[in-house]
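We call the chains A, B, C and D, going by the order they appear; numbering starts again at 1 in every chain.
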Amino acid sequence: MATVVAGIGSSHVPSIGRAYDQKKQNDPAWKPLFDGYEPVKRWLAEEVKADVVILVYNDHGTEFFLDRYPTFALGVADSYRVADEGYGRRPLPDFPGHADLSVHLANQLLADEFDLTLCQEMELDHGFLTAMPLLWSHDDDDWPVKVVPLLVNVIQHPLPSGKRCYKLGQALRRAIESFPEDLRVAVVGTGGLSHQLNGERFGFINEEWDRQWLRDIQDKPEALAELSHQEVMTAAGAEGGEVIMWLVMRGALTPQVREVHQFYYAPMTTGISVLALENT
Amino acid sequence: MATVVAGIGSSHVPSIGRAYDQKKQNDPAWKPLFDGYEPVKRWLAEEVKADVVILVYNDHGTEFFLDRYPTFALGVADSYRVADEGYGRRPLPDFPGHADLSVHLANQLLADEFDLTLCQEMELDHGFLTAMPLLWSHDDDDWPVKVVPLLVNVIQHPLPSGKRCYKLGQALRRAIESFPEDLRVAVVGTGGLSHQLNGERFGFINEEWDRQWLRDIQDKPEALAELSHQEVMTAAGAEGGEVIMWLVMRGALTPQVREVHQFYYAPMTTGISVLALENT
Amino acid sequence: MSEQNDRWGIPGTYVFDLQLSRRGYAINRMCNSLKLEENRAAFVADEEAYMSRYGLDDEQKQAVRERDWLRLTQLGGNLFFFLKLAATVGHGLYQIGAQMRGESYETFMKTRQVPGAV
Amino acid sequence: MSEQNDRWGIPGTYVFDLQLSRRGYAINRMCNSLKLEENRAAFVADEEAYMSRYGLDDEQKQAVRERDWLRLTQLGGNLFFFLKLAATVGHGLYQIGAQMRGESYETFMKTRQVPGAV
C-alpha cells in the first residue's frame, strides 16, 4: 500500500529559480531563503525518502491558454519536460513520471467525482519547478524522486473553492492509500503566500496574515477551506489567492499533523514560505 | 428566471449529417429517420420556442486531443464554428453562443463542485452538429436559437460515471433556474444508442436494450445512472457507452417527465433515436 | 471474438482506457496530425519516415503498413483518430469494420438492416 | 487605488474572472503568441499590423502603444500573458508594477524589504 509520508507547502516564485541557477545561495539577499529550505531538504533526504512526489501547482501562461482552461489537470505521462517560459529552459533535468500511480489516481479520483483533465503531455513552468531543487538534490540528468503533476486553475475565476481543493486532497489520500504497491509519497502544495501582481495594489504583502495561515493550515484547515476567494484575495492579494493549492496538500494529510519545519521570508513582492508537515 | 422547457435525447451519427447535406430526406433508406424527427422539430418551433439550447455532446478526435483530455468542458464564447472533420466543413451556419448564460453556468457549476474546463474557443464536430438541423430550422447564416456546448469525455476511460453525469444535469438545472433573465432553455443530450466501432464486435447493436433505455430514462433515470460503464458497454456496445450524456439532459428535468415523442431506427451500425421530454 | 482488453472482459472489445491510450499515444498523435492536408501529403510521400518522426514502435509501424485496423486497435489506436489515417490511405469506416470482424465488406453489409443508409 | 473590478470590490485590484477574460481574450491571445521568437520579431517589425491580426480593439491597441499596463489590465490583459509582450518590448515585472502603482521604479524598490532579491 502506498502512504503519504510528507506534506509540504512551498511558494513558487520565478526569481528563486533564477537565483538558484545563478548560484546565489550565498548572496546576502538570497542566503536566508536557501538556508530556510535546507532543513527540509535534509529531512526529505535522510528520513522521508519519498519515492514519488505529487506536486500541486499552477501554470502561468506557459502551457495552458485561455482557449481551454482546466480546473484540475493531472499528468499521466512517463516524463515531463522543463518548459521555456520565455527566458530559455532552466538547466534542470526533465522529470521522470510515475505513470502507474498517475493512472491509478485518475481512475480513483474520477470515480470519486473529481472531473479531471488528463494530460499525456505537459511541460512544467516555475509553478512546478521552483520548489523541486530546493527540496530534492538532483544531478545533471535525473531526480531522486518520480513526480505526478497536479495542476489547479488559480488564474481565471471561477476557481475551484478552497473547500473543493481540500476535498480533492482528501480524495487524493484515499486514492494513494488504495494503490497496491508500497510507495512512499510526498505531497507538495505550492503557491502563495500573500502577493499581488495586479492593479494599483501591485506589491501588496500581508505578513501577519501569512503567519496566521502557517498556523491555521496545521490546526484549522477546514476553517481556511471555508474562506471565500474574495476574503482570501482581500487579505492576501489577488495572486495570493493561489494558496488554495496548499489545501490540496493539507487534505491529503491526517486531521492532526506535526510541524517539522517552518520558514518565512518576504524580501520583495511575495511572502515566501516553506512548511514541512507529517502525519501523526 | 430561466427555465428548462424541453429535454431531448438524440443520437449523433456522421452519416445523418451527410444525408441531410445531400438532401436525402426522401431517399427510402433515410426518409424514416427524417420523418421521425419532424414532429419534434415542429413541437420545438411551435410550442417550446426555446431561446437557448444547452447541447451535451462529445468530440470525436476533431478538436480535443489526448495530450489534454477534459472530463467536462463548457463553451463560454459568443460563437462557435462548424469544425472540419476531414471531409470539409458542413454547409451549416456557425452557432451564436449565449455567453452570459455560459458565464453564469460556469460560476454556478464550479461553486457546485463540478471541475469544468472552460472554453473560449471551440469548433463543433458531428457530436454537436448532427441533432441541430434536425431539431431547428436554420437559414443560410443563422440559427433560431443560441447555444451553449457542454462536452463530456466518453472516449478515454476513466469516463465520468453515469451518476456524475446525472448529478451534473441536476446542478445544471439549479444553475439555469438561478439565471436572472427570463430565458427558455432546451437541454439536448446526444449520443448512442447502442453501437460499437471497435474490435471483432464492430457493428454490434442491441435494439431490445435501446427500447428499454428509452423507457427507463423517463421513469427510472436513477437506476440507469447506477449502471457501471462495463455494464452499459457490455449491453450497448463500447461506443454505446456514450449514452451517459443523456443522463445529463435527464438530470436537468423534473423527477417526473412526460414523453412528447419517441422515434427509433437502426438501419446500419447505430441504434438511432430521438426522444422528446417535458417537465410535469 | 476471441480477443479483448482483459481489464474489461467484454468479448471482441478493446476498451480505450488510459493504459491503452498511453500504449497508443504515438499512433494517435500521428493520426491526429493528419488533420492537415500538408501532413497527409507528407505521409503519402514517405510513410516510413512519417511513422518514425512520430515515434511509432515496430509493431505499430507494421500494423500501419498492413492497414491492420484490428491490430492497430489492440496496440492503442483509437478509431476516431485513425479514421484520419484511414481516409488518407482510402479506407472507409465500414471497410474497417468488416476487416475487424474478419469479414468481407459485402458479407458485413448483408448483416445490416438498411444497407442503403450509409 | 481608486479603480477596481466592481464585481469584486477589492481596491486597486482587477480580478481576472471570466467576464474580464472574455473582454481581454484578443490581448491575451496575441500575447500568448509571443512565446515564439518568430512572432516576437513580427510584432517588433510591425506592431500595428500584428495587433490588427489578433483583433485588438482601439482601446486595447492604444494601451499597447502606450505600454500602459494598468489600462491593459483593466481591458482584460492578464499579467502572465502580457509579460511576454513586456519582455518583447523590454519591460520587466517590477517596472510594470511601479507603473501600475503610479510610482517610479526607484520609489517602488524603496518600499521593498530586501530589494537585492530580484
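Just so it is clear, a residue touches a chain if its C-beta (ideal position, glycine included) is under 8 Å from a C-beta of that chain, and two chains touch if they have at least 3 such contacts.
As the structure is a computational prediction, the values presented were derived from the model and not from experiment.
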Contact-richer chain pair [B-C vs B-D]: B-C
Same-interface partner of A-D, chosen from the options B-C, B-D or A-C, over half of the pairs matching: B-C
Chain B-chain C separation of Cα centroids, rounded to whole Å: 26
Distance from the mean Cα position of chain D to that of chain C, given in whole angstrom: 46
For chain A paired with chain C, centre-to-centre distance based on mean C-alpha positions, whole Å: 40
Shared interface positions of chain C, touching two or more other chains: 18, 21, 25
Sites on chain A at which at least two other chains make contact: 66-67, 106-107, 118, 120, 156, 158
Arrangement of touching chains [line / ring / star / complete / other]: other
Interchain contacts (touch definition) - all pairs: A-B, A-C, A-D, B-C, B-D
Chain B partner contacts - residues on chain C that touch it in the complex: 1-4, 8-18, 21, 25, 28-29, 31-32, 35, 70, 73, 78-81, 83-84, 87, 93-94, 96-98, 100-102, 108, 111-118
Interfacial residue positions of chain A with respect to chain B in the complex: 64, 66-73, 106-107, 110-111, 113-122, 156, 158-161, 164, 167
Sites on chain B touched by chain D in the complex: 76, 99, 103, 106-107, 118, 120
Chain A to chain D touching residues, read off their complex: 15, 19, 27-30, 33, 60-61, 65-67, 84, 86-87, 155-158, 196-204, 230, 233-234, 238, 266-269
Chain A-facing residues of chain C, complex: 18-19, 21-22, 25
